[in-house]
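For reference, chains read A, B, C, D and E in written order, and residue numbers begin at 1 within each chain.
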Amino acid sequence: MYDAPSTTKEAVVTDVKIQANDVQVYYADNHAIKDVSVAIQDKTVTAFIGPSGCGKSTFLRCLNRMNDTIDICRVHGKIEIDGEDIYDKRVDPVQLRAKVGMVFQKPNPFPKSIYDNIAYGPRIHGMARNKAELDEIVERALRRGAIWDEVKDRLNAPGTGLSGGQQQRLCIARAVATEPEVLLMDEPCSALDPIATAQVEELIDELRQNYAVVIVTHSMQQAARVSQRTAFFHLGHLVEYDDTSKIFTNPEDSRTESYITGRIG
Amino acid sequence: MPLFWLFLIVLAIAAGAYLLARSRVLSMAGDDRRALHSLPSYYGSNAAMKSAVPALLLLVAWLLAQPFIVDNAVSSLIPDAAIADNSSRALVMAEVRRTADGLDMAVASGGLTEALARSEGLDLDVATSSLQEAGAIVTSQLTEPVLAAAQQFRALNTIGARWMSVAVIIVALIGATWGIREASPAFRARNTVERGVRALLIAAASIAILTTLGIVLSLVFNTIEFFRLYPASEFFFGLSWAPSFSGRGGASDLGILPLLWGTFYISIVALLVAVPVGLFAAIYLSEYASPKVRAIAKPLLEVLAGIPTIVYGLFALLTVGPLLVRVFGDDGLGWMQAGTAVMTAGLVMGIMLIPFVSSLSDDIINAVPQAMRDGSYGLGATQSETIRQVVLPAALPGIVGAILLAASRAIGETMIVVLGAGAAARLSLNPFEAMTTVTAKIVSQLTGDADFASPEALVAFALGMTLFVITLGLNIFALYIVRKYREQYE
Amino acid sequence: MTDVSMESAAPRGTLTTVDARTKKRNAAEKRFRAYGLTAIVIGLFFLVVLAVSIIRSGLPAFTQTVVEVEFTLTQEQFDEAESQLLKTKAYENIFIAALQSQLEQRGLNVAFDAAAIERLLGKTGGTIREYFRANPDRIGTPVSFELAASSRVDGYFKGRVTRDSVVDSRFLMVTDLDLVDALYDAGIIKSAFNWNFITGADTGVDNPGGAGIGVAVIGSFFMMLVVLVLSLPIGVAASIYLEEFAPKNWFTDLIEVNISNLAAVPSIVFGILGLAVFIQFMHLPQSAPLVGGLVLTLMTLPTIIISTRASLKAVPPSIREAALGVGASKMQTVFHHVLPLAAPGILTGTIIGLAQALGETAPLLLIGMVGYIARAYPEGVVSGFIDPNSAMPAQIYTWAARADAGFYEKAWGGIIILLLFLLTMNLIAIILRRRFERRW
Amino acid sequence: RDNVQIAGSSTVLPYASIVAEAFGENTDFPTPVVESGGSSAGLKRFCEGVGENTIDIANASRAMREREIAACAENGVTDIIEVRIGYDGIVFASQHSGPAFNAFVPADIYNAIGAQVMKDGALVENTYETWAEFNADLPDAEIAMFIPGTKHGTREVFEEQVLLAGCEATGAMEAMIAGGMSEDDVEDACLDVRQDGKSVDIDGDYTETLARIDANTNGIGVFGLAFYENNTDTLKVATMSGVAPSTETIAAGEYPVSRPLFFYIKKAHIGVIPGLKEFAQFFVSDDLADPSGPLAQYGLVSDPELAKTQQMVADEKVMGADM
Amino acid sequence: MYDAPSTTKEAVVTDVKIQANDVQVYYADNHAIKDVSVAIQDKTVTAFIGPSGCGKSTFLRCLNRMNDTIDICRVHGKIEIDGEDIYDKRVDPVQLRAKVGMVFQKPNPFPKSIYDNIAYGPRIHGMARNKAELDEIVERALRRGAIWDEVKDRLNAPGTGLSGGQQQRLCIARAVATEPEVLLMDEPCSALDPIATAQVEELIDELRQNYAVVIVTHSMQQAARVSQRTAFFHLGHLVEYDDTSKIFTNPEDSRTESYITGRIG
């Protein structure tokens, strides 16, 4: 019912980048993620779909331990990236997050200039030797975020003074500026017009050449367009996880089918 | 009618107006609240406000004015002859008032009947003795004019009080009627009430201006007087502060510069202690500490702000000073002569100021939205990077406010300076030398023994004024800086 | 473009083995955290040091050496004493005589005379006179009195005074201490908890044994009541106006600068202001907690305003937009949403401002609350506000300046009481503050 | 207002507090309120005018000055009763267990802290480090003097009765005059105190001086007699010109350093403020103020002319009127 | 290229509810809205479309004077609702906003319970006489916001603890709870799954029976589905404003055409 992913984007069998086993997440008493096991492949775009509130964001935030910042949130189970348990005591969440970048669902630019918003990551990771290099990184990131033209004249204006969609693209640009190996994107195009969406999708496709990308989206078309693998979440369960083409053409689970045909929400 | 009762009656009228206006507007709207412009309670509040506020204002105005009017009326009754030549009309009036009070007490205790207390035929001796019996403190035998005036005084006050009650109640009733009649669904009750509240807010904000005005007025005349006696140029540019005792006359050096330097130097040392410690404490409390640690440590640190400064002064004098001497004194590095020094006072003052920086900053840092932190963590920033580069800039206005508060407190502190830094005014760069501050000298010149009309005493006012102007300048500068670097989240 | 990103897929350490740069950053992180912890520890360390020294110096104030004697006052003695100018002295002599006769009865074998006994006793006449004036029916019946010993004898039991240290003193002879020891053995002199210190009033400089801080606590209480009731609402109202309503113009800037400038005004200048405005212009009573409260209110306002404004500023604009968007007025937005979120900061400002006001002496100096202001307890609420009274810090300050070392320990004891008062006051605010704290 | 309101000198305050407490205990009048704040501040408030909202009595550790009397008169405060209550002895004391500073003459003090002193017959900048350098009888201890700050009335007495005397005695004054200075300048120069930290001004109370001495074995402080007598356990007093300070020697005029203490009453308030005159009379009564009374007991040097003062108070004799 | 609106949703010619003339908006020096005139009709759904950053939100916020809260924002021109100039001095913005409800682009629940989030508006407008009525209002609003089932068991949980899409629906529910005459919705479905989106669209359709609804959306399909009139904004200009069917089938301006065919962004 949706365009099957074009052959060029066919899922290539690659290494497993992230392996999650029996993940459970609780917000206080609320059991938000129930027993989810999933293997996310490298150099692949994985889409998480599912009705609002089913736990997509929650699971995504487990993958770079962003849930650590929520007091009431407890995560059980095992998540490995490149074979290393990220919830291991010895793991440094900072290094983890440098490796696993994130675009949040609600755009959250820093109360700084647009330039500093982008330059922040590269600076802390020491990615630029000098101002010129940094300028270059910033420009490249903003271009990749499809926002360069709109902000190039006001790089010193505060990032908080941008429109909703501009903020969203700024946050995407901010995340790619640090060149993470895995990029988690929580509804990155929700506030974008079709053109901007297309540009971001192009970016995702480009990133896929080297990295693993996980994208949460409510747009079935988008999932079908950009992803090779799709995971369908429902009420905290991972209902089905398979090649995108398979999910959208021939889902195994009836719930998946109902969802993509628009019958359950 | 006792004031308290009058007050209660006004409140009762207001409460009645509230209920009436509310029910009236509800019934007009046919119980459909949506048809009303505002919530029913606003109509009530409007009526209550209109009945209580003017009435109470009138009450206050009357209470302020009546004594003046009655005093004037009564005092014109006292013949000049009744005023002893070393006394004044005001003092006789004081006695009249006391006698009138005494009559009240005598009537209350039954020693006199009300009628007798009023009657012209009241015998002086009877009056005196019954007053004394009633426990009124009268020093000597009453005199005829005083007693007559006191009786008049009581009479006028009784009349005044009666008319006041009437007037206040009438005003309250008029206001109530007005408010109730206004109550119709289309009436913008909320706006009216909010205008009232806003007036209140403005009044509150204006108190700052009034206080400033008051300070300037209470300093300025004596300051001018000082400059009449002492050349301004020497005061502002003189390099030495050496007030002599006015008995010696005219030999004082009253240059403010050494004091300003001391103020500046000691405050800087204090802030160098308080700001890093306070800020780091705030950061630790709000970002790292567990809620339990925070719940205990923060209030404990706040106790530091509540220890009387004299304790800090003694602490500086008895503990910190000798300690520093041991390290920096002749036996140690040899920089320090005695325990009292800029360093001693600065360190101790810094300790006192820690909570000013820590507590307030902690609250502000805590108020920075979590999304800011998440954004930074998501980029792989460490917690300290996040704090330094995202959280602190976002919290900057509040933190600057806290630091300014601490700085202000440092400038205004006396006791620690007196005990910790010594009383010597000196222009020196060595922080291990004794110095003193403008504030300490304001206190000592103000509470000293010098002839109060002499420049040595009046200089306290000039010092206060100058300090006031200087800090004003600094604050304008700080405001400008904060405006320039403010970062607003969202 | 792509090739660039290929390049920069630079080797990163695995998650468990950190690369050099991350190591450095983590070290910085650890250091930063350590600084924070150090800062707290420094703060708490000084608090402990101060607390220990305060408690060590102040605890002796809570005990008092007393002399217990039972005697009968005859009507003649009473009338005779009442006819004197210095009546208390006469009562004192009666007490001394009673003690002397009691000693003789018991047959203690130390030499003593009336002068020696007088040196052992504090000022006792006032208490005795007061007792018999209040209970005339007890005249003629035996009454047992426990009265304060002199400051030196008290010090002897507290270790402040030794046989060596009284050598030069004309207030106590070395031989007197033999008598003291004997009286102690006989149970006539003993140590008792000093309730009077907690409940009593100030005394003259020659009577440290009778001095208490109770009345000053009441003075402080009424003062703080004024400060709280005025400065909190006014401060919050002013901040709300400035932060939320005031148009951004020069007048607002003027108020703003004025407020921060007021914070820097030395407290004694507020005293000058208070004297000029409240006493000389408005004719409010002198030495009254009401005036003290008003002056301290003016002094506290900037602290509350500055902290309130800072926390109002910290409330994110989206909250205001949300409320305005559903049709709340600005006033409703502020009072329903913004103010509760700013409450922790407001309470912090209040805690600090009130703490400062509670410990302030200098402005009180000028409005007549420092000195010797010994009074009975106020009779009612109104008299609590307007009758002359002192305040705790003023009381402490005066005691600390007195010559008799007995007052020195009283001063420190007073500080303990002041801090207890402060903690009680803060506790309420702290509990409230915790209830309002939240992140968004 | 039904209580007597007093303000002023912190030196007089202790005595006033003793009297006020006794007055409250012994009469039916309320205990007077005695504020502290310094002679100058007290007199200033005294001179604000007459009336209930002004104070009735000002305590002062010095006599009222002409300028102040004029300022008073300007505000309508004209009939003032001056009451001298006695004398305050000023003593030099050091740590009890410290070096033996037992006897001074003004010259020693001047040599120790004067700005310019005679050394080998020439007037030079003061560089003395120890006391023994100029007086072999004194201990070989470092000079460390804690003298009253310029806010204190005691400073004046110290300057005039010790420094000036010392200046003259050491010959410094003569040398200065010989150096061609005018008389006024000489006086000023004699009162100049060295600024190198050997002499420390104390702006606080005697308790502060005591704390300084406590912390410094060689420290010598200037105290009031009463303060010293209350702290004989930590302080050791020195004789001045061979006379030991005591209430007796000062009353007899033998001990040279002392000053009179006063209080001032507004006559206009007598008969208006209850208990005012009674308080004044109580204060100077034999029971309180004579050498066996509680004031002297505490350390006040009784006024030998107490009877005259009592009479003056009884007659309400104002200043300026023929005495 | 998109489904033409079905005939039942054909624009009915009704009264003009909002009339904007020559509106100009500046953020400091940034001229964000240039000379926009538009007449928004009652009982009609009007869609604002246009590339990200073109000024849709800005213009929307002019309609209930939300821009008043931004210091640097200045609005010129005239906007009338029911014939009354809303920028008139005498107009009470509070009353205006009660009449013109708004759903913001970024969900902004109050840091209060879910119940209080909804009940706040009805409370200050005095819409309920008692607790029972209020409960009813809250339930109805949450149902209309298509979130009742998800939150009915946790009405006392904080609104900020909801998922992104849940927050968005909470904010929609909050806005409809006060029964405004005009509802401004800034990308109300951006974080919603198709089912939830359909429910919200149903709500919009229901609201249209009585009220005017203005919706900003990036989804051309959505605009086509729910709106009767569509305005296309570009770089601060109102390029074209017409019946939705006309815009999507036969746009007059070439820019409009480029946009809806996905050529300019």
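Heads up, the rule we're going with is that contacts are C-beta pairs under 8 Å (C-beta built on N, C-alpha and C of every residue); 3 or more make two chains touch, one makes a residue touch a chain.
Composition by chain, UniProt nomenclature: A, E = Phosphate ABC transporter ATP-binding protein, PhoT family; B = Phosphate transport system permease protein; C = Phosphate transport system permease protein PstA.
Fair warning: this is a prediction, and the values are worked out from it, not measured in the lab.
Engineer: Provide the labels of all chains in contact with chain B and in contact with chain D.
Structural biologist: Both chain B and chain D are touched by C, going by the contact rule given at the top.
Engineer: Which chain pair racks up the highest number of C-beta contacts?
Structural biologist: Max contact pairs: B-C.
Engineer: Of all the chains shown, whose C-alpha centre falls nearest the centre of every protein C-alpha atom combined?
Structural biologist: Answer for the innermost chain: B.
Engineer: Greatest Cα-centroid separation from chain A: which chain?
Structural biologist: Farthest from chain A by mean C-alpha position: D.
Engineer: Could you work out which chain's C-alpha centre is the most distant one from the centre of chain E?
Structural biologist: Relative to chain E, the chain with the farthest C-alpha centre is D.
Engineer: Centre to centre, by mean C-alpha position, how many angstrom separate chain A and chain D?
Structural biologist: Computed value for the inter-centroid distance: 83 Å.
Engineer: Which whole number of Å gives the spacing of the CA centres of chain A and chain E?
Structural biologist: 28
Engineer: Between chain C and chain E, what distance separates the C-alpha centroids? Give it in angstrom.
Structural biologist: Whole-Å distance between the two chain centres: 59.
Engineer: Can you check how far apart chain B and chain C are, centre to centre, with Cα atoms defining each centre and the answer in Å?
Structural biologist: The answer is 19 Å.
Engineer: At least two partner chains per residue is the criterion; list those residues in chain B.
Structural biologist: 190-191, 314, 369-370, 382, 385, 446-447, 488-490
Engineer: For chain A, jot down the residues that touch at least 2 other chains.
Structural biologist: 94-96, 98-99, 106, 124-125
Engineer: Would you give the residues of chain D that are in contact with at least 2 other chains, written as numbers and ranges?
Structural biologist: Within chain D, residues 10, 37, 41 contact more than one other chain.
Engineer: Output every touching chain pair, sorted by label.
Structural biologist: A-B, A-C, A-E, B-C, B-D, B-E, C-D, C-E
Engineer: Within the complex, which stretch of chain A touches chain B?
Structural biologist: 64, 66, 69, 93-99, 101-104, 106, 108-112, 120-121, 124-125, 158, 160, 171, 174-175, 178, 180
Engineer: Please give the residue numbers of chain C that touch chain D in the complex, ascending.
Structural biologist: Spelled out, the residues of chain C in touch with chain D are 84-89, 125-126, 129-130, 161-162, 165-171, 202-207, 275, 279-280, 283, 285-287, 365-366, 368-375, 388, 398, 400-405, 408.
Engineer: For the complex, which residues does chain E have touching chain A?
Structural biologist: Touching chain A: residues 27, 30, 49-53, 57-58, 105-107, 150, 154, 161-166, 168-169, 186-187, 190-199, 218, 220, 259, 262-265 of chain E.
Engineer: Considering the complex alone, what residue numbers of chain A touch chain C?
Structural biologist: Against chain C, chain A makes touches at 81-82, 84, 86, 88, 90-92, 94-96, 98-99, 124-127, 140, 144, 179, 181, 206-207, 209-211.
Engineer: With touch defined as at the start, can you tell me which chain B residues reach chain A in the complex?
Structural biologist: Within the complex, chain B contacts chain A at residues 369-382, 385, 389-390, 393-394, 487-490.
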